Every structure is written in C-alpha cells, then in structure tokens.
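In what follows, chain A forms one complex with chain B and a second complex with chain C.
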Partner chain A sequence: MSDTSPDATGRQLPATPHELIYPEPPRKTLGALLGSQKIAPWLFLSPMLAFGAIFFILPLIYAFYISLTRWDSLSPPRWVGLDHYKYVLTMDPVFWKTLWNTMYFAAGSIGIGVPLAMVLAHAFTRSRGQTLWRSIYWLPMITNVVAVAYIWKFVLDDRYGLLNRALGVLGLGAPGWLTSPTLALTSVVLIFVWMQLGHNMLLFSAGLANIDESCYEAARLDGANERQLFTEITIPLLMPTTLFVLITNFISGLSYFTLMLVLTDGNGGPLRSTTVTGLYMYQMAFSDLRMGRASAVAYVLFAVILVITLIQLRVFRRGGVEAH
Partner chain B sequence: MAIVQDRKFLSKAGTVLKYVLLIVGAFIMIAPFADMFLGALRTPAERIAQPPVYFPRDPQWGNYLRVFTELPMLRWLGNSLFVTAMVTALQLLTSAMAGYALAKFQFKGRDILFRSVLGAQMFPFFLFLIPIFFILRYFPLFGGNDIFGQGGSGFLNTYTAIILPFAVTWYGIFLMRQFFIGLPDELLDAARLDGAGEFRIFFVIALPLVLPGLATLGIFVFVYQWNEVIWTMTVTRTAPDLQTIPVGIYLLRGAFIDQSTRSLQQAALGISILPVIVTFLLLQRYYVRGLTAGAVKG
Partner chain C sequence: MTRILSKSSFAAVLACTTALTGMASAQDVKTIKIATHYNDAQMAPLLKCFDVYESEHPDIKIEFQQASYGDFLQTILTSRVGGTSPDIYNIYSIWVPQLAAAGTLAEPPADLQDWIKSSYGEGTVGAATINGTLWGIPTELSVYQLLYNKKMLAEAGFDAPPATWDEPKKIAAAITTTNDQGVIDRAGYVYGPSVANAVHVYYSQMYADGTAPYSDDLRSTNFTSPESIQIVKRQGELFSEGITSNTNITDDFAAGTAAMMIAANWNKAELQQNFGDAFDSTVGVAPIPNNGGPAGTMLYSFLWAVDSTSQVKDESWKLLRWLNEAQGGASLSCTGQMLSDLGALTGNLADLSAMDTGDSFTAPFIAATESGAAKSQPNIWQAAENDRTLRSYIEQVWAGNMTAEDAMAAADAEVTSVLSEQQ
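Then we have the complex of A and B:
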C-alpha cells in the first residue's frame, strides 16, 4: 500500500493524489503504526498465533517427547526411546482388544446411526411441525454426557431398571444391558446413536433442502413412484452429504470415549469390554500415571485415525467422481 | 385411472408411515428424559415397584429443593456459568479477530495460515490431554512456579486451567472467517479514506455487521462448554470448589447409594440440562447454521 513501492516490473509507481495533497505526511504515532493496514492483521492474529504455539504445536512436540520416556509425573522422566511403541504394538494384548472395541464402536454407530438419520431426515423434511420435531430430536445432543449416561444407567439397570422391569411384566428375560461383557459395548453404541441422531438428521436435512424440487417433478412426470424417487434421486444427490457425515462420524467415533468413561465409572468394564483405545489412554495417564506409555498410545491411535481418514477420502473421492 | 388412484393411496400410506416413524422416534427420544425428570419425583418404593411405576402417584417435589440444600448445587451452577461465559466471550473475541484478519487483509502467509487452521481441526482432542495438562502445571512464573516452571503447581486447580485451553478454537476462526468474507471491501475502504484506524474499523464497522455470525458461534460455544466434561474433570478432580455442574455430579457419584439419594441425583442432572434447553429453544436457528456451516454443499 506504500505510495512509492515498485510494481511487478520494478518501475516506480506514480505518486497517488493522496501524496500530492500532503507532500509531507504527518509523523506517524505508535498508535497509527499499530492501526495501519500492515501491522493490524498481525495484531488481530496474535491471540491465535500465541495459542497455536503454546496449546497446539508445543503439546504435539511435548507429547512425542513424553512418549519416549518412562514418567509417572512425580519423579523425573527416564529416556526409553521407542520402547513404549514397541510394547504397545507387539506385546500389549489389551491395546489390540481396545482397538477392536474402537472399530466396533465407530463402525457400529455409523452402521446403525447413519441410515436411521437419513430415513428420519427424509420424513422430517417434508412434514408439518418442523420446529417441534427438531427440538425433540435434538434434545440428547444438547444434553451433557453425564446426564445422558445416568439417564440410561437408570433405564438399563439389571434389576431396577425401567426396561428390565417392563420386560419382566411381559414374562421376558432380563438381559444385563450394561453388565454383560458380550452386550455392553452394543448398548453403548445404541446410546451413542441416540445421542448423535439429531446432529446427523440435521446434516441430512440440510443436504435434502439443497436438492432441487424440479428433479422430483421431472421424475414424477416420467412416472416414477415414491420409492424410485428416493432410490434414484434422493440417495445419489445426497451423496456429498452422506460422505461428509460418514467421514466425520467415523473420525469422531474413533476418538470418542467420554460416554464409556462416565457409564462405567472410568473402568471401561465389564471385563474391559467397553474400553476403547481413547479410554485406555486416559486410564493409563490419569489413573495409572504411566504418562509415557499413554502418550505412545495416543500417537498410535492418531496414526490409525489418520490412515483410515486418508483411505476413506481416497475411496470416496473415487466414488464421488463416479456418482457425478 | 386405476394407476392414479393407486398412486394416491400409496402416497397417503407414505404420509401415514412418515408420521408413525417420526412419532415412534420422538417417543424414544423423550421417554428416557421424562424418566429422569419423573424419577426425581418417585418415592423409593415406586422406584423399584413391579410392575414399574412411570408416573409417580405422590410426586416428591421436595427433591428438586433438597438438591440445593444437600448438594453444592449453587456452587456448581455458578462455576458452570462463570466458565461458560468466560470461554464464550474469549472465543468470540479471538475467533472474530483472527477470522477478520484472514478474510479481509492481504498479507504474506495468509493462505498458509488459513490452511493451517483447516488442517488443525483434523487433530483429535485426546492427543492434547496429557501435554496440555503438564504445560499448565509447569507454566513459568504462575502459581508459585519459577522461570523454569518448577516449584509450584502452575495453573492447576485454578479457573484458568479450565478456561484457557478453550480460549481459541480452529472451528470458531473458520466460522467467523466465512461470515467476514461476505462483507464488501468497499465499506472498509471508505472508512479507511475517512481516516479510521484498523481497530476502529473492526470494532465499529465490521463486528456489528456479523452479529448473526457471533450469535451462531456464541450459542454453539455456550452449549459445548456448558456440557464439557472430560477436560474440566481432569483438571478439577482434586478441586471441588471449581467443579462445574456435570463434573460435580459425576465425581460425587459415590454419594448416591440408595433409592432415595438416586432421586436426588436425577433431580440434579435434570437441573443441569435446563439452562441449555432454554437457551437452545430460544436460539436454535443460529445453532443450525453453526452445525451446517462445516458441511459440504450438495
């Protein structure tokens, strides 16, 4: 913006009228300098840059350093190199179990949650009383996770839970929804689907609103029925939204563990059946005080998520090209 | 003619099916919530009655008052309100400032910075739990620490530890940039010709024009922060005076051991979600925008 700066060819630019009026510009005060167009953007950015340095870049480096040491946070750390990574990947049977649980949780919540959200969004978009439906379906997603966990702990309690007492009236058995090692993780998946349904419905209904009504009219004129409209128009045109929902849900599913932590008082039981890798890391760090190994687990999980995300993006980009 | 009637019947059946689906879904959404609010009103006998009692015959309204005398509810609510208000204010300010710079200024490195903001959103929060905990503990010159971060406890057991890691979010910066980018440059240039400094332009001209954006981000941050559990729990485990309402109720779980105190637990949890529900019902259209802003356009 300086009046005499050379242009791309190195030629001096002619002075602007501004300079002609004030041949001697007023002396710049510090305030004017800070408020100038050159300095101001950096001042606007300064909180972000400071935060990025202290709470983003530094932690990433620091966490990697911690992962190369044995450290209980009370006595000084001891350098162990890559030992934690070696242990976690080759010797720790629990890690692989938690990774399996993580995959089961992420895939299960997508497999059940995404189709459900799509169908409900489809019903919701062309119905009366949208504000009412929306408020109802969004209730769980604006509720804190402690309330969600205890709502379901009370409903699903083995003996005194509403559900099992109701099943008892009907003469049916009383499954240990949250106490059976084979059933607990599936129950967690279902609770999570319940929590996330409103969010995914919203994304789908935003995608549905973007579909041009004339597509449907043209198809109707050609004699398509409602089912064909859904499978031949809605689903293909909703593809970008679906991909977005799938990818974001999968990433967040792989890193999620708060619900399991609160539901199981932090122990990931019964028999570690609900211990996902994030929770395993959290227990290791803040219950067992193994900061080094926990940081290694965090980085391994991050690497897994990164690889899966890249594969997904690749596969979907190919699929996306074909869809259009 | 027959085909047309057939189709009319089918579409009518489709409409009925649609509403049946929505109603069944709505029931599954609401019934567990109602169970919590009603559970707080049931007598201990009703809580374990067989067949189950859903609607209490003699509602124990006193339980909603007992939580205020038997639990540190006011302390928890005050902490929640303070932390949420601080984080919301900080995030609005930092996001607006950075978003404005990234949207409305030309400078070297801008595109790299913006791409970094997008990329930073890909890093999951669990990666930061351990290092940020210790960065706050060993923060130099605060909380009795010397210049090397030794000797004291840094920011641990302070409100700062709860608030500071949420002072800036990449999502907020991205969202505000999207709102600022729609502002016409001519407007800002006109102010510059009139001799206004960049800060004046930002606070007096640009900010008021993105009020809807600030409302969107504000409600989003409010709901998120009020419900935040994992970080707050990690840094306030040994500081009951700083706990927010969901964290306080969770960490006090050992106290809710019999059917009578479990009604108290449900009452407290019910109260913990009320502020968000009220805010949300009033401002939900802004919330929609925040959620869909990140999604691709179909």
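Then we have the complex of A and C:
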C-alpha cells in the first residue's frame, strides 16, 4: 500500500499532516482578469477605440491610398503615385485661388468674430438678463444653414434687399453684396460671424466665469479703471479660452463650405470668388468624379491646417498661455 | 386508423405543397428598381403605369426611387459602391460618357436599338449616343430659344424680336432702366448664376452661328474660333455697357423685370403660372439671333438607361419599351403622358405628334427639333467639369477682367487638357 492516498482530483495527499503543502495559486477567473488594472481601462476604452479606428483611422488611410490613384468610384482605382499632389500644387489653375479664399474666410471670420464675441460676452456677463441675451445670440447657431442662407439672400439682395434699401434711404449706393466678386466672400464671412457669434460668446462666458473676482478687486484697489480691467485682467486670464476658440474656429473655418454651397447654388461664384478649398474638393469628388484628386486636395488642406494649428499653439504658448 | 393517417398525410402533403408553391412564387417574382430625379407628383402617370404593368406581369414588381437632380449622380455612385444600384436610371445625357466608360451602363438589345432609331428624332438619338454606341431610350428633351417679353419690346418701340446679333444689344439698351441707387431694376437682357445659364447659352449661340463648340471627335474645342470670340465679346459688351449685370438673372424674366433671355422650353410651366392669362400676350419665342444664316440652337436630353450589373436587364428593357409605347389605344405612351403633364418635350416622334404642341410658345421649339436646327449638346468627357471651367472664363469677360480672346484661349487650354484624358 502506498503511504499516500489520492484525493477527489487524483492528486496524492501527504500521508502525515506535518508535510508542507504548497497549493497552486488560485487561477484567475475571466471576471477577475477583465477587472484587472491592466485590462479594465482598455475594455472601457474599446468601444471608442473601435469607433475611432473604423470611422477615423481607416478612412484616413483609405483616403491616402485613394489620393495615390485615379478613381471615379465606378471602376477600380488606377495607381498614379504622387501625380495628383503634383498637379494640385504645381499645375491646377484653381487650387491656389481656393486656398487663398479659404485663408481669407478663416482669418476674416476669426479676425472679426473672436474679438466681437469676447467683447459681447464680457458686456453681457455684467448685464442683466444675460441668459436671455445669450439665448438670442445662440439662435443662429441652431438655425438650419439653408434657412440662414435664404434669409441673408433676402437681406443682401442688390435691388430689394433690406440692407441696400436702408442704404438707399440714407442716400448711399447699393453694393452687390453677393453679386460682386470683390464683395461676395466678405459678405459670406460676415454671415458666418453672425452664425458663430453665440457659440463663441458661450465659450468666452464660461472662461469669464472662471476668472477669480479677487483679481478684479485687487486691481480696483490699485486704481485700475474698467478699460484697464479688461485689457490687463480679463484678456490675459482668458488666454486659454481664447486659444481654444481661435484654434477650433480656424480649423472649422479652413474646412467650412456649407454656407457657400447653399448661398451660391453650389457654384462658388461669382467668378469663383466664394469657392473655398472645401467646396472645390466637393465639386471635384461628387460632380467631376475625381475621387483621387479630391483626396489629394484633402490631404494638402489637412497639412495646411496642421501647420497653422501648430504655429498657433506655439505662438500662444510663448504669448502667455503657459504662464496662466 | 388508416382513415386518420390518410387524412393526416393528406393535410401534411397539402401544407407542404402550398408552402413550396408559395416559396416558388416568391422566388419567381423579379423586382425592378427604377431611379429618377422626378418626384412622386411628377411621376404620377408613370406610377399608375407601373401598377398596370405589375398586374399584367405578376412575376414583376417595380420599385421607384427618387433622388433630386443635384444628388442624382452621387446617388448612383453610392448605390453602386454599396451594391444596391437601381436597375433603371433616368439620366442626363452628359453623364453618359463617364458612366459608359466605367462600365456602369448596359447596351440596349439590338432590336430595341432599331426601334429607338426609328421611333425617335435624330437629335435625341444623338444625345443618347457616345462614340457610335446608343446607351438608352431618350426621354425629356430641352431645346433653347430666345424668350422675349412682347410688351416690354413694344413699349420700347420694337414690334419684332431681334433676328441678327446687332439687334439684341440695341433693343436691350432701350429697355434697361436703373433705380435711384444705380442698380438695374429692368434689364433688357439677362443671364443667370448657374453653369447652364452661361454655357448652354454659349453653345446655343455657337450652333446659331453655324459652329459646333467642339470638334467632331470631341477631343478639342472651337472656343477660339472667330464666331466664338465674337459671341463672348458681345456678351461682355452687355455687361460693360450697363445693359445687364450679375444682379439681373433669368428669374427676373418670369418676374416681368427682364425683357430677353436664351432659355429652354421647360420654363413654360413657371412662366404660365407667373403671367397667368397674360402669358400668350406677354411671352414670345424666337430663333436665337445670328448673322443671318440658317437657324441653329442646342438641345439636351435625358434618357432611360439600364445598369450593367442588373440581374433583370432583359426584363428592364422590356419594361422600358412598354413604358415608351402607347398602350391600350392611348394616344401617348406612359413616359409621353408624364412629360406632357410636365409641359416638357419628348424625342419620341409618336408622342410628339400626339402632344398638344401647337401653342405659340411650344411651336418654335418643336420646329427647331423637327427641322434639325437643334443640335445635341456634345456629350464630352468630364462635361460637368469642363462646363464649369468654361463658365468661369466667360464670367471673366462679363466682369471685364479678361478679353474674349484671352479668356477663350485659356478655356480652350484647360478643357482640351481634360478632353485628352479620355481613352
């Protein structure tokens, strides 16, 4: 007979209780494994990671591949290498004009819209009924862009528009707000500023609410007047918000074209004066079926936006964002 | 027991047979999907015909899909990428070169091609033909002519529309007025903001002058020909001399604030609605002014086409022929009835003769079609892109930024470069 006897699992048990037993560590259950610190965060992130991979990363990679091919979406893509990039950057008679229009639009909408939103947010923060004012300024943001375009077409009509009729009463001339090649893009900028004003004001209002009131009290004790409070306290302390507003506005401004599409019936006229790169890309892809070239334009625009955003970040960091 | 078993067996066999028969019937029914840019209201006569066809052909089910004109090409592309493309499309003829080159379209059977060639006008068959291959059955036909406001011309002392190139400017100048801010509030002549408002007008004027805008092989242009330069130069003069402007557009004609424009027959419904009882006494139609030669203009067409990947190609062509031939003693085919209700024209000769086209507005368009004066819009490669390029250079002349010679030379270079891409 053996001095040991098997247990239920077939293992040989020691014959005497004095023998040491080193049991195997308990095996982790699946639940414990998934709940571990290593796995759990990834598990929670996985839906977003999968979403990002499917809807952002894969399309980006595919678009880059398409930009190296000639593809009309009807027949198989044909490899052309960097030909589209070469054409767009060196031969295309329209691309650089559209890029200029894009820069003008983005810079114009920021140059006018951001300071205006900041000043109005500051003014309404100190006024009564600020919620009402904010709501009123927010309304264009939630209005359908097609409705916005039609409203402004009526307002800016050369002959019968409200604006030119008002100018007529004052004995002034009637500019072709949307029909003059030199004015049309500026008009679109102004409409876009009007649309975005409420959104930017809301961001600035949130930024203003975060400024400690004691800063103003200290400055007042030092004899600062209202203008000095705004320029020396408000603006510097709003710098992080300003940076955020500038970057998001610039990125959206550089890729925006919906308003131009609706205002000009998709033509980007007159004389391509409102054809921004986004609209040009849209026409190229869905009207001309040049998916490859349109993808190349998208990548060039992406590079431009990336460079400008990096410059903005660097400039603003040097300009005091980090200091706050 | 035996009787019970027999009854049970009989019931089971009956149930199985019924189920199998049902399955077989469901499998035998073929679905034909038809996509057009016409909406449900416009399609009403055709939708009724679909019901009749389904009742006469129990093995066929017809599904209608509508997509707006502006989104139609994108809809085709998306549906093909997604593998859900319709079997039948109603497409604009200028889309055909790319769709055909990409293998999207199926060629009609030989007997159907013979029927099309014998049943449709030459111009419309040409509009559906690319490099000698016929790609479908022509449907809606649009022809360009000079539309003029009889009352405005009469008020300015002109009792007849312009016939030669020198006249429109003179007449238009006499009609044009400006408001207190210097904006033209009554234009003698108008263009419009769309690509077609400039390019189709230019093509029509080229044909009126006896010159095709493109070479016969559609690989080069005639934009720099003396006729072309003159046409664009004259257009520029209308702007530079304050007779028209970007403010004044084709919609103004319907509003009664513009005296002349070159436009297509499909404007009839809107003009009738706007002018009401005064339509006949106000709106006149005349051949496009030229240098005194034979009349000429441009027409474009839509066509029924079948997708090359369709599993029901034969059934689709049969359905299309049925829709385009008068049925059951009717005077018009189903397609003809729909176009007639829309106030549109058709290239189908039988339908055309049965339509009420004798009114003073429609008759000149019909005359241009039947006489052969109306030439098919050239189905060039990348038509939408080239037309947009051409419009941009014509606009440069309107704005006074470029001379007609420079603008048309630049347009020629760009368009020819694109045309050279075709295989």
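In this text, the second predicted complex is superposed on the first by the 268 of 324 C-alpha atoms of A that agree within 3 Å, B and C clash if a C-alpha of one lies under 4 Å from a C-alpha of the other, contacts with A are read in each partner's own complex, and residues count from 1 in each chain.
Following the convention adopted for this analysis, a residue touches a chain if its C-beta (ideal position, glycine included) is under 8 Å from a C-beta of that chain, and two chains touch if they have at least 3 such contacts.
On a predicted model such as this, the values are computed, not experimentally measured, just so you know.
Student: Overlaying the two complexes on chain A, which is it for chain B and chain C: clash or fit?
Tutor: On the superposed model, which is not a single observed complex, chain B and chain C clash.
Student: Return first, second, both or neither, reflecting whether A:Gly31 touches chain B, chain C, both chains, or no partner chain.
Tutor: first
Student: A:Val315 contacts which: chain B (first), chain C (second), both, neither?
Tutor: neither
Student: In the superposed arrangement, does chain B or chain C reach more residues of chain A?
Tutor: Counting residues of chain A touched by each partner, the higher count goes to B.
Student: Would you sort A:Gly173 into first (chain B), second (chain C), both or neither based on which partner it touches?
Tutor: A:Gly173: touches chain C, not chain B.
Student: Please indicate which partner A:Leu238 is in contact with in the superposed arrangement: first for chain B, second for chain C, both, or neither.
Tutor: A:Leu238 contacts chain B only, not chain C.
Student: Name the contact category of A:Gly269: first (chain B only), second (chain C only), both, or neither.
Tutor: The second partner, chain C, only.
Student: Should A:Ala294 be classified as contacting the first partner (chain B), the second (chain C), both, or neither?
Tutor: The first partner, chain B, only.
Student: Examine A:Ser73 and indicate which partner it touches, taking first as chain B and second as chain C; both and neither are also allowed.
Tutor: It touches chain B and chain C both.
Student: Which partner does A:Pro93 reach: the first (chain B), the second (chain C), both, or neither?
Tutor: second
Student: So, A:Ala303: does it touch chain B (first), chain C (second), both, or neither?
Tutor: neither
Student: So which positions on chain A get touched by both chain B and chain C?
Tutor: On chain A, the overlap between the chain B and chain C contacts is residues 73, 159, 168, 265, 286.
Student: Per the contact definition, I'd like the list of chain A residues that touch chain B in the complex.
Tutor: 31-32, 34-38, 40-45, 47-48, 51-52, 54-56, 58-60, 62-63, 66, 73, 119-120, 123-124, 126-127, 131, 133-140, 142-147, 150-152, 154-155, 159-160, 162, 165-166, 168-169, 194, 197-199, 202-203, 206-207, 210-211, 225-226, 237-238, 240-241, 243-244, 251, 254-255, 257-258, 261-262, 265, 278, 281-282, 285-286, 291, 294-295, 298-299, 301-302, 305-306, 309
Student: For chain A, which residues are in contact with chain C within the complex?
Tutor: Checking each residue of chain A against chain C gives 72-75, 93, 158-159, 164, 167-168, 172-174, 176, 179-181, 264-267, 269-272, 283, 286-290.
Student: List the residues on chain C that touch chain A in their complex, please.
Tutor: Contact set of chain C toward chain A: 70, 73-74, 77, 80-81, 98-99, 101-104, 179-183, 185, 193-195, 245-247, 382, 384-385, 388, 391-392, 395-396, 399, 401, 414.
Student: Mind pulling up the chain B residues that touch chain A in the complex?
Tutor: Interface residues on chain B, with respect to chain A: 7, 10-11, 14, 18-19, 21-22, 25-26, 28-30, 32-33, 35-36, 39, 47-52, 54, 93-94, 97-98, 100-102, 105, 107, 110, 113, 116-117, 120, 122-132, 134-135, 164-165, 167-168, 173, 192, 197-200, 202, 223, 226-227, 229-230, 234, 237, 245-247, 249-250, 253, 259, 262, 265-266, 269-270, 272-273, 276-277, 280-281, 284, 288, 291-292, 295-298.
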